[in-house]
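Labels A, B, C and D are assigned to the chains in the order they are written; within every chain, residues are numbered from 1.
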Amino acid sequence: MGNTLTLMTFVPLIGALVILLLPRGRDELVRWVALAVTAVPLVLAFQVWSGFERGTSEIQFVERASWISLTADLGAQEIPLNIEYYMGIDGLSVSMVLLTALLSVLCVIASWGITKWVRAYFALFLLLETGMIGVFCALDFFLFYVFWEVMLLPMYFLIGIWGGPRKEYAAIKFFLYTLVGSVVMLLAGLAMYYLMGGSFDIIEMARILPNNPDAVALGKVLYLALFLGFAIKIPLFPFHTWLPDAHVEAPTAVSVILAGVLLKMGTYGILRFCYPIFPEATQWFAPTLAVLGVVNIIYGAMCAMAQTDFKKLVAYSSISHMGFVCLGMAALTPQAVSGAVMQMFNHGTITAMLFLLVGVIYDRVHHRDIERFGGLRLQTPIYAGIVMVAFFAALGLPGLSGFWGEAFVFMGSLPSFPKATMLALLGIVLGAGYILWTYERVFLGPLNEAYSDLKDISPREIVSLAPLMVIVVYLGVYPQPLLELLDATLVDLVRGIV
Amino acid sequence: MSFEASIWYLVALLTLGTGAYVVFTRNIVRAAFALVFTFLGVAAMYVFLRADFLAAAQLLIYGGGITVLLLFGVMLTHRHEGMELKLDPLKALPAVAIAGGFFVAIWSAARRADWDLVAPVEPVGTSEAIGSAIMTTHLLPFEEISVLLLVVLIGALFVARRSGEEEGS
Amino acid sequence: MLTAALICLLVPLAAFVVQLFLGTRLPRGGDFVSVGAIGASLLAACWIFWQVMAGGEPGYQWSMVFRWVEVEGFTIPMGLAIDTLTAWMLLVVVGVSFLVHVFSIGYMHGEDRYHLYFGYLSLFSFSMLWLVLSDNLLGIFVGWELVGVSSYLLIGFFFPKRSAALACKKAFLTNRVGDLGMWLGIMLVWKELGVLRLEQVYHHVGAGAFSSEATLTIAGVLLFVGAVGKSAQLPLHVWLPDAMEGPTPVSALIHAATMVAAGVYLVGRLFPILTPDALLVIAYVGALTAFFAATIAIVQDDIKRVLAYSTVSQLGYMMVGLGVGSYFGGLFHLTTHAAFKACLFLGSGSVIHAVHTQNIWEMGGLRKKMPITFATWVISTAAISGFPVLTNGFFSKERILGDAMGFGLHLPQHFLIFALPMVAAVITVFYMTRVTIVTFFGEPRDREKYEHAHEGGFEITAPLMVLSAITLLGFAYAGPFERMVTPPSSTDYAAEQFAAFHYGESLRTGALDESHGAHAAEAGRGEAAHEEPAHAETGAEHHEAPWGPHRVDAHSLHTGHRAVLYLSLLALILGVALATLIYHRKRSQEALARRFSGTWRVLYNKYFVDEAYQAGVVNPLLWLNRLSAAFDRVVIDGAVNGSATLTRALSSGSGWSDLRIIDGIVNGIASVTQVFGAAFRRVETGRIQHYFAFFLAGTLVLMLIRVY
Amino acid sequence: MIGLVHYLVFAGILFCLGLFAVLTRRNAVTVLMGIELMLNAGNVNLVAFNRFVGSGVNGQIFALFIIVLAAAEAAVALAILLNIYRTYKHITVDEIHLLRG
């Protein structure tokens, strides 16, 4: 049990190296090796999930080793520099790790169709997976930042090389946006490091800094700095324009990972750093976060309604859904925050399904213009059925997982922000609007004769979708397994703040 | 003035005269022959300075070797070219100025420096002392110089061979 | 009891799953699977009904709760509860659903995606049963949305037709708007009381846990908005007429009997916690809808749209019933309406099946060709018109109008609540007779269709006969319904029932009944079954609404009922006469249109409500979307690209300056060195002597310096 | 009595003559001769110093080495001269300025 997390994080890295060594021509072999490599963290993730002790909020599966330790005399006082390799997970990150491991496997299956530089693609992909799992497991700010950058780089290349027509622009924009955020975040991290007098350990920070006088004084500034870095990732309203471009241009599998996991890092970061370490700044900022969340919901939904590109529409729907998460976080009640984290997980699975489905149609017709489709349900009934399930999950239909996240967010946030919640509720109607309108334009109505030869969804694609559908339906009917995972931690988190 | 001093002056005068002749003559062949006499004068000087081995070496190397070498040089590069070794006065002016300057410098340095002269001791046969010195204290330069000579020998041969043979190697 | 409830609930779900995955492979498209499933549910429902009725106590209550979401922060219980109202609703829902299944076999024969149709029907039955059986608001909401989805699927069954695709989307979205209100209501209840189970809600409300009556009213009204959305009341009724795009049996099941009744059922469930002014709002909305929808029904020429608007109008009646505090009137009308409206829809289905058109002006004189359909149609029309004694409609409609009259007399300022439904009653009779005459009497307008017309098979005629039979036996189950179905008043619930959540069945016969019994006795209701037809003399008992919001005194109720009796007779006669007068002679649609051109056009276009919505809500929303998308592209992207161009400008600026200034300097130096270089170059003459000369000159100078 | 100064003066004159020759003569061989003169002047100085100043024979050995070197230098110079002559057909120093700056 000792080093599951390290294993889980670094097996993909090793896999990436192995893939690079494989002989050039053998694409099939590369794909199978990649699949095998991603399967390992999935197995470990399940082991972690089953081994995870519910009901307690302290960190489990801890692995701690001193990584860099030297005493540098910085100006006046002697600050020992010790950066630890400190990995561990608690309620908040266990679901995220599971999500990442699962989505990575599905994405490898979904990227079977990639033909250009297959080896490089899968190597970068596995490196990306290492970065992601690392981000969720790292409890040392420095380690967290390292994984954050490791995750950023392959994503840039994946979009930049295998992307669509405007891929360079999208890749550059994505990279710069996140980079600016991470730079500001690093500054805040260093400030915290000095406040702590030489340690990057997040858990310690959470314990010491709240009652450290000058940390409180600096609290607002540091909170905002960290918040900016994470807000870009969520993405929150003013910083979101990179998401639609990045999604439209990224290949299917990459945009699944981008939407499924990367968006969650923003909210995860806020819950991991800003909330425990700067409680009073959190309370001070909560109303603004709520407003931003609602803006995200309404604005995202409205933009989605105006889109004609299928993928861009799904991208904007992600913005709208992440708005729910922000509203939940801002409400600072145990129910709302656990609703927010549930919504993070559910949205991860649902959006992954949506993007995979968009990928399916894109692989066949090589365009994503909703207006040009029509009546596909006649031609591809199974595909239409699966899309319907995904759409209704995204809609928040009870009985599918999307509902519970939103339900708890609403129930939790009504006491703290009644007006904001009512506006957010408007979001679910708008959501229903653009989703059904899209479904009608693409699947219902007379069959567009251009697609009379379209073949239905292939077994491979069904394999990549099946696990997600099972999760969405199961969690929709019975959300308890996910909820009990993250509840203890979040209740502690909120008690710490309020 | 003692007898020896007067002979010294004579020899000095002879050497400097032939030297000047080498410099100013038009005819290069005559210059070469005049050079021989200058070397002889210098050898005599060595004798005056009781450096007998050196005088012999001077006579041998300079008198024999280098002059013949120069004659060769003259003969090989001289055949069809005219004897127009005229001296354009314009260019001479800076040269005279520099040479004069140098002479004044040397002259003043020689005169004003107070060399801690040591009573000239009658050296007896310097060659034995030179021989041992070469073999002991000055062994390294001696070896180096032998290597140098070898290198020069090959270099000169290589550089001077007929242009035709270059492609041979 | 638990097993019966679970069977009743889960068997349709199983059928749905089977149909979805194995449908195509099953013989006859698996219709027998769905019909079998709904049959099983019917048996279970009957058993439950018998069990509950045998219990004999009006307040019979059985519930089974299990902790569904249990987390440190909060717990969400989910469970099933059966009381007398549920028993009746079960019977109605499953009964009609079973008959519709049977009817569909004949009607949908030969359609493609046949198996999916039955799958969706089973899904609908499951969600409706879940809604009825669920014991807490969140459960009801889950059922609410599931029913919405299944209606979306069923309306959109003929999705290749563009109109059907639009209709199903419109239905779901309008429902969703209603659900928005309901969601807010539920959350307000959760915020105020922290509890969602109905029993607990009654208890807490009774104990005055709500912060203020105003918030309770707001909560009530918000929940009612959900009902408005689902039962197609005034503002949100636009989806029901379009929902006729779906197959006719679907319209019969969903848009006549069950789903639309869900709204009324919800109001019934919430009855104890609705404050007087909340009830007032309900009553007004009901009255307006009743009148408004009736007027439109007059001019519709599609047989199903006429019935659709009539449904909207009848639902308005039920809301008026509940609004004025007549718990029995509203809910009983729901059950009776389910029966005869389903019969009417199925009748129209068989007519459409026969002549393959929905436009009544292409029919005519079908009574000779389709006797059974004609007969059942006449019976149901009589029921909806409130033909005295014989039809069940009479009992429920008269009770509502009577109570409304009483209410009106008692509180004169709300007289409108009685006036509008009364006028609507007349109009109802008028348009029903109009449709009957145009469709069944007179000469066939379209010879070719008339020849082709034929009576449907057994699956089609059997349900019609059963339903019309139920309509006729109205008087039989009016009494028992009234006796059994009484609103659970919040004060009576003893606190200890809710002390502990318990898992498993808790057959509470003891605790509740005697407390409830006391209430019943105090209400002075005689035990004698209400066999005698004439309703008037039972007026003696005065039954004010349990919560007694209006405390309508006996006297005004008494006069109200007698007056209504005569008024409704008058309405009946008037309506029939007027309709036959106008439509009997071979008048064509255009002739009539010209005569009443003004009002006709308004009515025909449904008061331009759809157009108003389109212009007032949808278009500005779309415009706003385009604006926000453009804003997103132009402003934000603009800002981002702007910053990019700014940086580019800055960089080019610095580039220019860099070029001019710094380069300038560098080049300057370069050129200077060049000049010197050139100068020096002349020195490098290549002649050794010059080099040597300079060299010597240099050393000479150094020596001189050194010496001096 | 012939003292050190006399020798120094004598060597100085010889040196300047050689210098003048190198600077003014246009024929490369005469330039060589000039160099040989300068070297000899140097030698005389060395030997004179050895004689009048200090003891031992260092000065003379040094002079001996210079003589040998001079020989080697002359040989190489002439070889180069021959080469130049073969390419230029003349060895007037002024025209040989291929390495001009």
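One rule holds for everything that comes next: contacts are C-beta pairs under 8 Å (C-beta built on N, C-alpha and C of every residue); 3 or more make two chains touch, one makes a residue touch a chain.
None of the values given here were measured: they were computed from a predicted structure.
*Asks:* Going only between touching chains, how few steps reach subunit D from subunit A?
*Replies:* 2
*Asks:* From the C-alpha centre of subunit B to that of subunit C, how far is it in Å?
*Replies:* 125
*Asks:* Taking each chain's centre as its mean C-alpha position, how far apart are subunit C and subunit D in Å?
*Replies:* 120
*Asks:* Roughly how far is subunit A from subunit B, centre to centre by C-alpha average, rounded to an integer in Å?
*Replies:* Averaging C-alpha atoms per chain gives centres 92 Å apart.
*Asks:* If you average the Cα atoms of subunit B and of subunit D to get two centres, how far apart are those centres in Å?
*Replies:* A distance of 6 Å separates the two centres.
*Asks:* Could you list the positions in subunit D whose residues touch two or more of the other chains?
*Replies:* 19, 23-24 - these are the residues of subunit D that touch more than one other chain.
*Asks:* Do you know which subunit C residues sit against two or more other chains?
*Replies:* In subunit C, the residues touching two or more other chains are 693, 696.
*Asks:* Taking chains as nodes and touches as edges, what kind of graph is this: line, ring, star, complete or other?
*Replies:* Chain contacts: none of line, ring, star or complete; other.
*Asks:* In their shared complex, at which residues does subunit D touch subunit B?
*Replies:* Touch residues, subunit D against subunit B: 1-21, 23-30, 32-34, 36-37, 40, 43-44, 47-48, 50-58, 60-61, 63-65, 67-76, 78-83, 85-87, 90-91.
*Asks:* Can you check the complex and tell me which residues of subunit B touch subunit C?
*Replies:* Residues in contact with subunit C: 94-95, 98, 101-102, 105, 108-109.
*Asks:* So in the complex, the part of subunit C that touches subunit D is made up of which residues?
*Replies:* 680-681, 683-689, 692-693, 696
*Asks:* Can you check the complex and tell me which residues of subunit C touch subunit A?
*Replies:* For this pair, the touching residues of subunit C are 20, 68-74, 113, 138, 141-142, 145-146, 149, 152, 156, 159-162, 164-166, 168-169, 172-173, 176-177, 180, 183-184, 187-188, 190-191, 621-622, 624-626, 628-630, 632, 636-637, 640.
*Asks:* Please output the residues of subunit D touching subunit C within their complex, sorted ascending.
*Replies:* Touching subunit C: residues 19, 22-24, 31, 93-94, 96-101 of subunit D.
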